[in-house]
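Okay, so subunit A shows up in both of these, paired with subunit B first and subunit C after.
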Partner chain A sequence: MSAWETVIGLEIHAQLATRSKIFSGAATAYGAAPNTQACLVDLGYPGVLPVLNAEAVRMAVRFGLAIGARIARHSVFARKNYFYPDLPKGYQISQYELPIVAGGAIDIVLEDGSAKRIGVTRAHLEEDAGKSLHEGLGSLTGIDLNRAGTPLIEIVSEPEMRSAKEAVAYMKKVHTLVRYLEICDGNMQEGSFRCDANVSVRPAGAEKFGTRAEIKNINSFRYVEKAIQYEVARQIELIESGGKVVQETRLYDPDKGETRSMRSKEEANDYRYFPDPDLLPLELDEAYIESVRAALPELPDAKAERFVAQYGLSAYDAGVLTASRDLADYYEAVARAVPEQPKLAANWVMGELAAALNKDGLEIGSGKLPAERLAGLLARIADQTISGKIAKEVFEAMWASGQSADAIIEAKGLKQITDTGAIERAIEEVMAKNPAQLSDYRAGKDKLFGFFVGQVMKATQGKANPAQLNELLKKKLPG
Partner chain B sequence: MALTRAQVENIAHLARLELEAAEIPQFQQNLSRIVDFIGELERADTAGVAPMAHPLPGLAQRLRPDEVTERDEHELYQRNAPQVASGLYLVPKVIE
Partner chain C sequence: MIHRQTLTQLAADLRTRKVGSVELVRAFLARIEASQPALNAFVSITAEQALAAAEAADRALAAGRGGALEGVPIGHKDLFCTAGVRTTCGSRMLENFISPYDATVVARLKAAGAVMLGKLNMDEFAMGSSNETSHFGPVRNPWNTALVPGGSSGGSAAAVAARLVPAATATDTGGSIRQPAAFCGVTGIKPTYGRVSRYGMIAFASSLDQGGVIAASAEDAARVLREMAGFDPRDSTSVDAPVPDYLAGLDAPLAGVRIGLLKEFFDKGLDPHYERCVREALAVFERLGASLREVSLPNIPLSVPVYYVVAPAECSSNLARYDGVRFGHRCAEARDLEDLYKRSRSEGFGAEVKRRIMTGTYVLSAGYYDAYYLKAQRVRRLIAGDFERAFGEVDLLMGPTTPTAAFALGAKTADPITMYLNDIYTISANLAGLPAMSVPCGFAAGLPVGLQIIGPHFAEQRLLHAAHRFQLETDWHLRIPGEYA
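What follows is the complex of A and B.
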């Protein structure tokens, strides 16, 4: 495999989270009954005119500024001509020669912890097409045009990714970014965020790119990785057995785990782009662009850097905690409420809380365990009311009941024993009950220390303060 | 410049127009005349003229506020559709 180098470029389609469509006043809500959100403009009736949605423009500019791109002062909408039943006008309104966003970059972190910068060629505004339904309609296809005219930005990367893993890291980073910017809900099941992957291979060290295949419409991170891995293996095998890769569009079939050719070469599309005469050029001035810049939120990389500096977290932990704005906000609320213990807060948010959310299939924003509640628990660890081990028990009870940590500690009598006298008494009882182990320990069987820790913990229902217990056992056991 | 028969066939295919074999020479002639006219335009001196995407100089695209202004009128809009079921437009099977 090492004789070949993989070259990947991604085209990500992100649906913009506007209320109405890019060129009409029809709603964009997902899941409505078929064609109830498709108006005359979306249907391509004669005599209608598209009028551009200001919010879609603002969102595209937001994205461009967030990736350090150039925002075009002058951009143009073009018609991309092709025939398909889910495209009633016979053309898609897109941008071609003069897109609204050009240049910019996305920084990704690779598995070994190193960073890589992936260039973004351009991002342009366009309209989504409708949906074709093939199930249960016999020899017919059903067309639902609710999605037709939903605003998209298509984010086109440079061919700078060199493995499926890099492509996934890039896609995840863009996904994080569009949600931070609140320009896309990122819902991949609903198709709000999907990508096409351009994949080719070339002999390691070669300058010229190999012929690429384009894998269309992949809507999960896992499928992106699998589709690219399959495609790379297919191309290498093809070339090594004397064949040639043809430039074509392929589809990934997740059930079979393979890509297959979608259109033959003869059908190769000639889109005949030309400026849409129904739309004037889009002109943006400096004041507008600066006003959008001023409204940008703190972005994931900046937030992660701040978490490292402000809370003393590792770069890895900061990366995990800033993966979404909700998660980062939750962590900060906990960390602020338990100011001496930012690392403890990080461990609990990434550990117990993440596991519990995952188990119940909930999102951090679900409100199941408000940040103040978790902070209430961590405060009891910090002030030594309970041990970390008991805290896990309290956490489970909190998760199940919605009660506060204090209420549960009180009701279950879980308060940690920090009274030296009480712990000493428990130790003495355990020593009296286990004379054989005591004499073995005194004869040099050091491993039995753990046995005594366990016995005292058992006798105190796990409530003895672990540090104090260790201390006192060290004093008392040698006799 | 005369268009070839193959070029006319390709243009017809892109436009999803079915031409009779006998019609093709006529379209070759007609389309060639249009292409020739474009050639005439190309002889115009455009040095110093910035390319324009629209013939209305000084005008820029108006924007509309992001508001839902359209109601569900699908029954009305679907009256001229040849075939409809459960709100869907029905078309001959499309397989990718």
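What follows is the complex of A and C.
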């Protein structure tokens, strides 16, 4: 056992999927030409004032309810003051002392299959800053304020994760949740979902936390894992060689696979938080909160439990199939269309379909193979029109052509041969062509049974019903 | 002479075509031009736009159309954003800033038909009580150009006093409408916080700033305020409540109105000549049937220290956006980002603004926040509570607007504390968010004296009613400095 224990807390920033910004009417769409989606409010023009977007509030409340947190009846927006060119007002409107969501929890499953509950200290609403652009501008810095004012919730966990893997599991779970709730598109490349990791180590068994470093702005699950692993190793090595961890902000460099210091505590800003006098405190009443609660979708954990009970799936399979709402919806559509075979549906969705999507870099929601199409294929397995093996061939053709399973089976003549007479004729032909193997088999070489199965399948282009074939061979081969 | 008419009379004459807007605008523009060397009330004069707007107003009036203020010339304090016309806020920082949009107040007055003649000088970012902090030079008091007009709405008050405009917009954060109105012998009203939209009104201290009017009379002020006030979905702190017709019931009798004399305002700092005028004014109210009684608000003496924590705190944050990046003054040849910030702000802001930014930054700093900002907010609530109790017993509170009449230019610039104490009677209404007025009530040693009237939240009508009844009995508000008469 390691002499050191790792302590990790995450601050996840999830961009809320509102159409307009949190305090202005400008659009939030990603990828527009620089500064074309920034109105006077976003630019911090003299005289402009913020007006809170009700949709952002509703989304934050949805999240709070989904993690069993307290929704503040009274929360306050505060100004976080610091100078930076991509922060137009010289302050960020955030929530400080009284956040909208406090005290929830996220359940994660560890590698050994056991469950762990991670506390969520708080989640608050805030506006995003713009972006500084350095490429292609020589010695100049460009400012793009399209992102300025985009609504975020910052989700702050308790320091309750003990390994990089736990941190990733937690982050993935939050990622799943926000997409289930349809409050964030979860697009990590575009920065819609990113995190800061607070990492420290302490001697195993110690009560007191070690000094932490904060790794800023990590935008992939893989980088979170690598950054934390690197940082943990760095801190242990530092301490073991007689050094001390200093409280600082660090950046993860994915190219070099290391974290490096950005600024120390001494250089840190004093943000001079105070309640924003331009915004009234946010008051939410019971009726509002209940109306948001009533509109909550079925959440991943509940859905997984239902899949186990309703479809007889293993907990693991149910977990995989509920990792995203799209995937779960897809699975259910297939399972409902082939009601007698829910496990077959699970195997195909997690197996062939997942592999094909992965190969083509597509998402489940891409529409490439609608659920009813896959269900059409599985129905042919279920009614024994084709075997599982032939089905894979049909699936490939479906994937490539977009045709239905029935059309492909028909066109390629792949319909399984279940006519006993036809199979018998094929067996007889094979026996006649392979007299040596037949006599060997009859002399006791039982292993040659498989040879005859293969030959008959070959002769029937794989269409012979495998069960029937087995039975008939067993009858005919002994002579 | 046309300029001696009240706004109410001018609006009526315009409506009946007794006078044309172009004629009126020409007359007032001529007065503005002539007064500039002596008074410096305007930062920008928008003659061309004004004449075009006046022509349009005349056409509308001729067709029997037009708003309540159709064709009436006004001026805007230079912190109300005006599309296409520079809005300087009295600062070098915004010397060349042209707003792409109109403030809500500007848009509403425009929609009512008012014609803007120009932008009025003011203390830099509305920080000052004498108009001496303006980057565009001080405004002088029309009653005596050796004296200050008060501030920060010094341009608005001086312009109305000298009848360069019949009325002007102004703002009041700690007395910036009432104190200059008192110093210049004009009528000014600061409405309830939330009554007039702050959208497009460049912020000094957001929880205290409130737009209002300076005019020759309470009736004129009511006429303009009626067009300015009301809910604005773009200002979250504006109040969604109907605006009463401020002109209705102005002539009703005052009998039975309970007036409280603010005991703490009649302190030893109050100039005896000034006090005599105020007490004579109170006697007029008594004659009109109002009852007088002394009321004590024990926490009022804490107003100045509370204000000089809260207002600078908010200002330090509000003024952070002036960083030389997107608009406003930018220093030449910045070496790096820090240099850009430091020099742009050092060059762009004047001394008083810097003093308040530094004070505000300090009181919000880690380790000082609780001792200063939080404590000040607690005391602020105590002061508001004092007023609430008082308004359980009386309908209106009255007292002097300022401790003395206008002082000489340069007299208080050396010592900021003495300057700050000039707002000792006006600040509390801002801290409590209450509507308050200053009404001319006499002359002390030849200089105008202001009577302050404070009411409960949204009692603008009650203030205007009392002021109007007083003005029916007196003619202090009709006095015009000799040179401009």
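Rule of thumb we're sticking to: the second predicted complex is superposed on the first by the 476 of 479 C-alpha atoms of A that agree within 3 Å, B and C clash if a C-alpha of one lies under 4 Å from a C-alpha of the other, contacts with A are read in each partner's own complex, and residues count from 1 in each chain.
Heads up, the rule we're going with is that contacts are C-beta pairs under 8 Å (C-beta built on N, C-alpha and C of every residue); 3 or more make two chains touch, one makes a residue touch a chain.
All values derive from a computational prediction rather than experimental measurement.
Asks: A:85 contacts which: subunit B (first), subunit C (second), both, neither?
Replies: Both: A:85 reaches subunit B and subunit C.
Asks: More residues of subunit A in touch with subunit C or with subunit B?
Replies: Touching more of subunit A: B.
Asks: Under the stated touch criterion, which partner chain does A:458 make contact with: subunit B (first), subunit C (second), both, or neither?
Replies: neither
Asks: According to the stated criteria, A:282 is in contact with first (subunit B), second (subunit C), both, or neither; which is it?
Replies: first
Asks: Check whether A:26 is in contact with subunit B, with subunit C, with both or with neither, and answer first, second, both or neither.
Replies: first
Asks: Under the stated touch criterion, which partner chain does A:143 make contact with: subunit B (first), subunit C (second), both, or neither?
Replies: both
Asks: After superposition on the shared chain, which partner residues are touched by A:222: those of subunit B (first), subunit C (second), both, or neither?
Replies: neither
Asks: Contacts for A:270 in the overlay, against subunit B (first) and subunit C (second): which applies, first, second, both or neither?
Replies: In the superposition, A:270 contacts both subunit B and subunit C.
Asks: Using the touch definition from the top, say if A:39 reaches subunit B (first), subunit C (second), both or neither.
Replies: A:39 contacts subunit B only, not subunit C.
Asks: Considering only touches as defined above, state whether A:49 meets subunit B (first), subunit C (second), both or neither.
Replies: Touch status of A:49: second partner only.
Asks: Could you pull out which residues of subunit A sit against subunit B in one structure and against subunit C in the other?
Replies: In subunit A, residues 40, 43, 45, 51-52, 81, 83, 85, 141, 143, 270, 272, 277, 279-280 are touched by subunit B and also by subunit C.
Asks: For subunit A, which residues are in contact with subunit C within the complex?
Replies: That would be residues 40, 43-52, 79, 81, 83, 85, 88-91, 141, 143, 270, 272-274, 277-280 of subunit A.
Asks: In the complex, go through subunit C and note every residue touching subunit A.
Replies: Checking each residue of subunit C against subunit A gives 79-81, 87, 89, 94, 97, 99-101, 103, 198-203, 205-207, 233-237, 313-314, 316-317, 319-321, 323, 325-327, 337, 341, 361, 364-366, 369, 373.
Asks: What residues on subunit B touch subunit A, complex-wise?
Replies: Spelled out, the residues of subunit B in touch with subunit A are 14, 16, 53-54, 56, 59-70, 72-74, 77-78, 83, 85-96.
Asks: Where on subunit A does subunit B make contact in their complex?
Replies: 18-20, 24-27, 33-40, 43, 45, 51-57, 76-77, 81, 83-85, 98, 132-134, 137, 139-145, 251, 262-263, 270, 272, 275, 277, 279-283
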